[in-house]
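Chain lettering (A, B, C, D, E and F) follows the sequence in which the chains are written, and residue indices restart at 1 in each chain.
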C-alpha cells in the first residue's frame, strides 16, 4: 500500500510555501492579496499566513489542474455555499482576468442549480451583476459606477 | 415497473411552460416577476427563463398541492437555509396575499427550529419583522415606513 | 412593544409538557416514541426528555397549524437537509397515517428541488421508496418485504 | 434500559425555566437579552419565551460544562454555519466578558477551517474584527468608532 | 434592459427536451440513466422526467461549457455537499469515461477542502476509492471485486 | 497594521510539520493515524500528507488551546455538520482517551441542538451509542460486541 508521499516530495521546493502562495495570489488579484495580508492579518496573523501557504502555496500551485479549471471549481463551490459572496466575487474577477469568458462563468453557476437549487444561483448571479454584464444598472444601489474599481472579497 | 411519464403527459399543455409560469408568478407577486424578468435576465437571460419555466410553470402549477401548502413548503425550506432572506421575504409576502395568516407563517417558522436550530429562525423572523407585524418599529433602520412598498426578493 | 408572553400563558397547562409531548408522539407513531424513549434515552436521558418536551410538547402541540401542515413542514425541511433520512422516513410514515396522500408527500418533496437541488430530493424519494409505493421492488436490497414492518427513525 | 429522566428530575426547579434563562442571558449580555425580549418578541412572543426557556434555562444552565466551554462550542458552531454573524458577534462579546482571551477565540475559529473550510472562518474573523483587535481600522466602513458600543446580535 | 430570452430561442428544438436529456445521460452512463428512468420513476414518474428534461436536456446540453468542465463542476459541488455519495460516484465514473484523468478528479476534490474543509473531501476520496485507484483493496468490505461493475448512483 | 507573521515565526520548527502532525495524531488515536496514512493515502497521497501537516501539524499543535478545548470544538462542529459520523466517532474516542468525561461530550452535543436543531444531535448521540455508554445494546446491529475494537473514522 502506498504511504503518503514524503513531505514535499511532489513539489518544487525552491520557493517557500508562503512565497509561492503570494505569487499565485498576485497572478489572480492584487486587491485579494491585500485583503488577506492586511485586514485578516490584523485579527489573525498566523491564519492569514496559513491561508496563503495552504490554499495558494500548496493547492492552487499544483500543476494537475490549470487555472481555468481551478477557477471553475472555486466559482461552483462558492456559488453552492450561498454564504460566501465576497470570495465568490473575487474569483469571478480573477477568472475573467485569467481568460474565462463571462458566458462560461454564468454557465457554471447555472449548472449549480441542479445540485443546490435556484436561490443560491440567483443570489450569486445578481451579486456579481456588475462583474458579469457590461451595461451599468441605473437602479442598482450597490453597483460601482463604470470605471470605479469593484470591492473584491478574499479567498 | 412504471417508466417516467411520457413528456408532457401529466399537464395541460395548452399553454407553454413559460406562459404558465408567468401566470403563477403574477398571481403571487408583480414585484417578484419583475425581478426575475428584469435584473436576473440582464445577467443570465436563459436562466431567468428556466426559473420561470421550471419553478413556476412545471412545479408550482401542478394541482396536487394547493398554493397554501406550497407557500408553507417554500417558507419552511427557505427559513432553514439561512442564506435566502430575499426569496423568503417574497414568499412571506405572497403567502399573506394568498390568504395564509401571519400567525400560521410565524408558526411554520417556529417549527423549523426543531430541525435547524434557533439562529436561522430568529434571523427569518426578525428579517420579516415588517411583514409579520402591523406595528412599525421606530428603531429599525432597514424597515420600510408604513405605506412604503417593501423590497421583495426573487424566487 | 410587546414583551415575550408570560411563561405558559399561551398554552393549556393542565398537562405537563412531557405528558403532552408523549401524547403527540403517540398519535404520530409508536415506533418513533419508543426510539426516543429507549435508545436515545440510554445515551442522553435528559436530552430525550427535552426532545419530547420541546419538539412535541411545546411546538407540535400548538393549535395554530394543523398536523397536515406540520407534517408538510417537517418533510420539506428534512428532505432539504439531505442528512436526515431516519427522521424523514418517520415523518413520511406518520404523515400517511394522519391522512396526507402519497401524492401530496411526493409533491412536497418535488418542490424542494427548487430550493435545494435534485440530489437531496432523489435521495429522499428513493429512501422512502417502500413507504411511497405499493409495489414491492424485487431488486431492492434494503426494502422491507411486504408486511414486514419498516424501520422508522426518530424525531 | 434507562428511560428518559423523569421530567425536571435533573435540575433544580426552584426557579422557573424562564427566570433561570433570563439570569443566564443577563450574565452573558444585557444587549442580547434585550434583543430577544424586545424585537423578536414583537414578531413571535411565544418563540422569544421558548428561546429563553430552552436555550438558556434548559441547556446553558446545566452544570456539566462551564461557561468557557459553552462559549467555545457556540463560537465554533456559529463560525461553521457561515450565515449567523449576529449571534456569533454576541457570543464573541460575552465570551470575552466571561474571561476567554481573544487569542483563544481566534484559535477556536481557526480550528473550524479544518472541518468547514477557509471562507466561513475568514468571514467570522473579519466580521468580528473590532471585537478581536484593540486597534481601530481607519479603512473600515462598518466598524464602530472606539468607545462606540457595538451592535450585538441575538442568541 | 434585456428581457429573458424568448422561450426556446437559444436552443436547437429539433429534439424534445426529454429526448435530448436521454441522449446526454446515455453518453455519460447507461446505469445512471436506468436508475432515473427506473427506480426513481416508480416513486415519482413526473419528477424522473423533469430531472432528465431540466438537468440533462436543458443544462448539460448547452454548448457554453464542454463536458470536462461540466463534470468538474458536478464533482466539486457534490464533494462539497457531503451528503451525495451516490451521484458523486456516478459523476466520477462518467468523468473518467469522458476522458478526465483520475489525477484531475482527485485534484478537484482536494481543492474543495479550501472551501468546505477536510471531512467532506476525505469522505469523497475514500467513497470513490475503487473508482480512483487501480489496485483493489483486500480489506475493503464495500469495494467491488475487480471486473465487477460498480454501483453507480443517480444524477 | 500588522502583516501576517513571518512564515514559521510563531512555531517551534525543530520538527517538520509532518512529523509534528504525526505526533499529535498518535497521541489521539493509532487507528486514526493508520486510516489517514493508509486508505486515504492510497487514493490521494499528497492530500493525506497535507491533512497531517495542516490539521495536526499546523493547527492542533498550537498551544493557545489545550487538547480538551480542541476536542470540544471538533465534536461540536462535526455534530453540527450531520454528514461526518466517522470523524465524529474518532474524536469522541480520542476525547475520552484524553480525559474528557462522557457526560461532557454528551453535554456539548446537546448544546449543538440550539444552533443546528435536533436531528443532527440525535444522529450523533445514537451513532456514538457504544462509545458513550458502558452498557451494550443487544438490539443494535451495528454496535461492536464488548471488547471488540470499534471502527474509528479519520480526521
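Here is the rule we use: a contact is a pair of C-beta atoms (placed from the backbone, for glycine too) under 8 Å apart; a residue touches a chain by one contact, two chains touch by 3 or more.
All values derive from a computational prediction rather than experimental measurement.
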Shortest contact path, chain C to chain E, counted in steps: 1
Chain E against chain B, contact positions shared by both copies (same if over half, else different): same
Identified repeat of the A-B interface (over half of residue pairs identical), from B-E, A-D or D-F: A-D
Far-end chain from chain C, centres as C-alpha averages: A
Euclidean distance of C-alpha centroids - chain E vs chain F, Å: 30
Distance from chain F to chain A - Cα centre to Cα centre, in angstrom: 29
Rounded Å distance, chain B centre to chain C centre (Cα mean): 24
Chain D residues counted as touching two or more neighbouring chains: 1, 36, 42, 46, 50, 54-55, 59, 62, 78, 81-84, 106, 110, 113-116, 118-119, 135, 155
Overall pattern in which the protein chains touch one another (line/ring/star/complete/other): complete
For the chain E and chain B complex, residues of the former touching the latter: 1-5, 7, 10, 16-18, 36-38, 41-42, 45-46, 48-50, 52-54, 58-59, 62
For the chain F and chain E complex, residues of the former touching the latter: 36, 39-40, 42-44, 46-47, 50-51, 55, 78, 81-84, 86-87, 154-155
Chain E partner contacts - residues on chain C that touch it in the complex: 82-83, 106, 109-110, 113, 118-123, 125-126, 128-129, 132-133, 135, 137, 139-140
Interface residues, chain B side, partner chain C - complex: 1, 54-55, 59-60, 62, 64-65, 69-70, 72-74, 76-78, 80-81, 84, 103-104, 106-108, 110-116, 135, 155
Complex interface listing, chain D residues touching chain E: 113-119
